[in-house]
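As structure tokens, here come the structures.
Consider the two complexes below, in which subunit A is the common component and subunit B and subunit C are the respective partners.
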Partner chain A sequence: MTIAKTSNKINSIVRACRIILSMIESDPNARESQKKYYHMLLKYYTRLRDARENNQFIAAHTVFFPAEIILAMDLVPMHTETTTWMTSLFTGECSDLLAAGARMGMATEICAPHRGMAGAFACGAIPKPDVMVWSNMVCDNTAKSGELVMDICDCPGFFLDRPFKDSPLEKAYMADEIRDMIAFLEAQSGKKMDYDRLSEVMERTDRQIQLVREVNELRKNIPTPFSPLGFLELLTIDYLFPGQPESIDYLVTLKQELEQAVKEKKGAVPNERFRLMTLFIPPMYLMAFLEKLAAQTGAVSVIEPFFTFWGEGKLDPSHPVESVVEKAYMIPETRMYGPLGTSALDAIKKCACDWKVDGAVYYADVGCRHSCATIKLFKDALADVDVPVLTLDCDVVDQTVTSEDEVREKMERFLELLEDR
Partner chain B sequence: MFEGSKIHGSQPIGKTPVALEVFREVNRTFPGTAEIREWHSNGKKIFGWLCTYVPEEILHAGGILPVRITGYDRETELDEGNAYLYNNNCSFSRSCLQMGLTGQYKFLDGVVGGSTCDGARRLFDLWREYIGTPFHHVLTVPRKYTDRAHRLYLEEVELFKRHLEEHLGINITDESLMASIELYNQTRLLLKDLYELRKNPSPPISGAQVMEVLDACFRMPKESFNLHLKALLEELKKSPGGYSGRARLMISGSVLANPDFIASIEQQGGMVVADELCTSTRYWGDRVDIKEGDSLLAALARRYLNNYPCARMFPSEERFRRIVETAGDFKVDGVISEIIRYCVPYSHDLPLLTKRLADVNIPVLSIDLEYGSSGSGQVATRVQAFLEMIEARK
Partner chain C sequence: MLAVGIDIGSLTTKAVVMNEGQLLASEVSNTLDEAETSALVAMTGALEKAGADDSPEKCVITTGAGGKAVSFANRTKAITTCLARGISWHDPAIRAVIDIGAESSTVVKINDRGRVTDWANHDKCAAGTGIFLQQMAKLMKLSFEEMSELSRNAKKGAEITGTCAVFAESEVISHVHRVPPTPMPDIILGIYLSVSSRIKTMCKRIGAGENLAVSGGVALNTGLVETLEKELGQRIFVPKDPVFVAALGAAVLAEEEMQKGIQ
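After this line comes the complex of A and B, so read on.
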């Protein structure tokens, strides 16, 4: 099957980051942390764009894969799903990538970021990696995506098997898997892992998690100081820059800004009326619209149990591989990977109460089966604490699923319901 | 249904086997079969299992009747299933859940699942939360075949056995486990015999009829299943003739339970002579082989992890290799890939599997369907076109 070439999406992301940065830098009201965030994105995608030219080794990886390993080995990471999201976020659409995926025979039931990723590799929209490393955190799509990428890109790969439960044996299994994966990366890249460096990275990852917790504590304030969809920055930081000095710098700056805003009783939106819990990822191509809608309606996301709510736990960087495993079991979304028992449901209820949530919005991504299957469970759990849930059918990148008008209408009706309460 | 006389494309010679009637009755009455009702009224335990990575022999050795949790074998509304599992989960999971929510599995004393795919694990989560079966256990199933994966899975199998023993206050002895392994191995051998008959140029049994046998296999005690399967085999071996058709086909893909779907292919003249499904070879494919020095649980664990693989396993090449091998053994002219909508593991495999089969000159027709679907006019048209294409290649 011949797939027509398409434009270089990494270039598009780099250009968009530059434009946004120039806008932010000329805006006196812009957050300093936001500038740092876009500088980081610009650096990440510029490095990826120029990797071939600079003879650098690219390791493509799936979501929740421990990128700390790749970064500690000084390889160039390419977070595959996020790259599809960023394409949608910064270029407004990625229909050409989805179409390329479809031409390869990828069914529409496969989650769109994965279809887009395969399509992007096939049509040359993103650079082909030297290796593909992936894991089953957190769904079948992540588990199954790697082999097709290996085939398309004609590159070797390593599948990191993360066991379902968290018994000591299962964690030991994963640690051994990680050691094998490091050996694979060493053999392929010719670079040795520096375990002292990995320890440093994991130490910063631990600090990063702690800073996210502290940021979230500040978000408990009324009005909440953080921007309505700012949590996506926190998520992206963990996806693309785990354990990196610039992440710490960004989070420290953000925390200081939020502390100042709390002191001044300055809310993220002019008139905070509704405190929302966000369950899953809003459509990337509607982000600007959702930000605007939040400012207009005073509805702001104050907590995201499966993205930013890390809960308890501390990493032990003196055992770097084990701390990578520990993190894999602490990631908020992986609460949904293991047996979905009381811990996930209790986390939701705790978030609803502690952050004084009025309502929850469940972005029901049509391509995300394992999350949508929790809607009933989560709705029932939140009903126990008297929090209503709006379910919005959408797709994180595929624009054909939801329109702005549809989202506006549903959101407005939901907010009316909250108002009546 | 599925009378030989009704199959228009594949040309049947002779009658529908009499011995098939027992299996039809089981399928027609499931889950309220006579044997299940009797077992239940005698106060004996019945456990449901989800997915082929659950070692059924352990349940059997504990004096339990293991029954595979399946959904409706027909097209039907899934209102409750949709409400609880959302409609982007596979219709197999939604169909099973609907049957559970509407009390059709209320006789179950326990449910056992594996961490095999998103659909299975979420079905298990919702079952535990809303259906209230007294015992639940989910096994971690590694996705690899490495020694490390085998050690982990063996530990999981041992844990499952201990959990079961503690819950029921029983001791599952090696003797009873050995007897169960032998019984289940006999089932596998008998099914292998049945499949050997399908290698004939003119098989004495249709693909749809084989599906009826397989459906019954999960729904009745293996002791009686084996007896009836032996009777069927004897009848088939004495049968004067068999089926002919325009092309020999293999069905590959996810879970399938409605024989009408296969019948709809056979009605177009496709002879379904082989399959690779959760409900066929991936269920019975390999025997438990007890090597010297092995514990019985180690042998069981090895069999279940190494069995004809599900698309969830890595590397997928092992599944592709087996499919290509099966296609060759059964001399198939084409493969029909059936994938239940929203079955992600199999959807992901399809582009690569199609390439591997193309390498050995076997074309693939890909059909998406809902679990329980019997086929449709559109499926018939596509199968017709596929058969014409195969005929043109001959």
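After this line comes the complex of A and C, so read on.
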């Protein structure tokens, strides 16, 4: 009897990137920045796919972990949750990975990217890493996922503890944690950290954050120049390529394109009717549908307070480790997962007003307890500035939670509400 | 020119004919396999009752599950928008309408212009819907009227889950077969409380606090409405013919469209 083996998902992502790139490159209307974005993705996943063959050291890491460290040490990074998303985004589904997770006893209530990630490692759909590094930087789910990956892959690991609050004492503690983690990576990989290089990376990370702020400023224009769900590119750039020269190149190009579009008063969708705020991540397997829906209805995401809206602050690359700590407390997502004070609520109200938002869409990922717990708080805060919120129960990758028809129906109801106001 | 609103529900299709703000006629028929046929049957019935069966000029707005599949409709509108307009036509002071349909329940919050400001709905499980109540009535071999009547004699509502229709059914069976069995009125009140708790949560979620109305076929279940009133601590407005509220709203919207000159 032959047992069907789950296909190599990294290979699938590489293939999908190549196909998309060839399509974009033959499209005269495609953004130059989009080409750069897919070239980056292709490079990232090709390097990961070939890492074993090239005897390179793979460091798997969970979301929000400071990938700058891995990149500065010239190790091959593997962002675990993003890799699950990419599988869903590029291959249309990842039910085989979720099924593999289920076979390990992972309940459907667990965050699907983590379920998928565990399943992917277990069934050999993605390469087993040499080390697993993870953090409670933003999402507490990862605090457990890292241990699971260590078990499945039989590899060593390091948990980077980020204190909940941000006093100088706690920041100093986290800096020590990072130094310990670097020592761990050095011991495991046999490579030494080049702190000058880390400084350069952090300098670029700072520039990257600034460029995202500038891109967002341009998105304030009516009509907004950036594509309806283009913010996912900004998110991926930060997750996979922090502090990389290619990221700067991508963002500079994007900014120039948006400046040109603003000058020409060219909107991202033909007829902008609704300016939306996106709260949490849309289902990856519905991206093509959501893009189409946006073009049909003129509903475009103009700001994402918890993903692209970086708060104030500047990194000091002359103190690279401390600047990694600073970034950990500046990440937009920390507003949602960290100590939820008035700053988070003020941030979404500010975004709603400054970006002239008509309505907000909360993609309520059923597996994400942290984010779902904030729905009522954010909804009430946005009610203060007269912005209605649509809560869409869904999952980032698990297609069994909600269907395209359900999303369409609820989205149409919501847009009708906005139109009818 | 007549305004026609058609609400295609999962069990029944409702049609309402209006002219210059006046309700002329309404018709309800079973929903058939094809939404188009269902809509046509209900609309023809309503037009006949209005004495306008050959009226060539009409603006038709559809809503509900099969609304988009009707080729002769001028527009399709969301059920939430239609419920808001329909209930505001009955009473402009209403600020939220609780619609309990066959397969879903929805609470729509409304502003003083009859516009939707928010909504919450429950469509993942039959618990809290008309089908659930129908199933319970069948299980206890009672009509809705008998259930309502009996519920008024309840001493204490039996404990029945509000989260799953299948589990709720098992619980009702266990109450019936208990020794001694739980009194029938208490079981019925327990069923009403289980539906009410779902509705109450939805009302809380969107801040629907006062001036409430109820629509949909379940609004005719007086026992349930009384339980809802107790749970929500207020009188709830039940419009005449609550089953037609969404279709009526669609007809009101059709009149608005005609005023705008859009056909």
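One rule holds for everything that comes next: the second predicted complex is superposed on the first by the 416 of 421 C-alpha atoms of A that agree within 3 Å, B and C clash if a C-alpha of one lies under 4 Å from a C-alpha of the other, contacts with A are read in each partner's own complex, and residues count from 1 in each chain.
Here is the rule we use: a contact is a pair of C-beta atoms (placed from the backbone, for glycine too) under 8 Å apart; a residue touches a chain by one contact, two chains touch by 3 or more.
Quick caveat, the model's predicted, so the values are computed rather than measured.
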item	value
First (subunit B), second (subunit C), both or neither touched by A:Arg421	second
First, second, both or neither for A:Ala107, with subunit B first and subunit C second	first
First, second, both or neither for A:Glu412, with subunit B first and subunit C second	second
Which of subunit B and subunit C A:Cys372 touches, first, second, both or neither	first
Touched partner set for A:Pro388, first subunit B, second subunit C, both or neither	second
Broader residue contact with subunit A after superposition on the shared chain, subunit B or subunit C	B
Touched partner set for A:Leu169, first subunit B, second subunit C, both or neither	first
Intersection of subunit A interface sets (partners subunit B, subunit C)	376
Sites on subunit C touched by subunit A in the complex	77-81, 115-119, 124, 205, 207
Subunit A-facing residues of subunit B, complex	83-86, 88-90, 93, 115, 117-119, 121-122, 124-126, 128-129, 138, 140-144, 148-149, 152, 155, 311-312, 314-316, 339, 341-345, 347-352, 354-355, 366, 368
Subunit A residues touching subunit B - in the complex, by the definition given at the top	104-107, 109-111, 136, 139-141, 143-145, 147-148, 151, 159, 161, 163-165, 169-170, 173, 176-177, 339-341, 364, 366-370, 372-377
Residue ranges of subunit A in contact with subunit C within the complex	376, 383, 388-389, 393, 409, 412-413, 416-417, 420-421
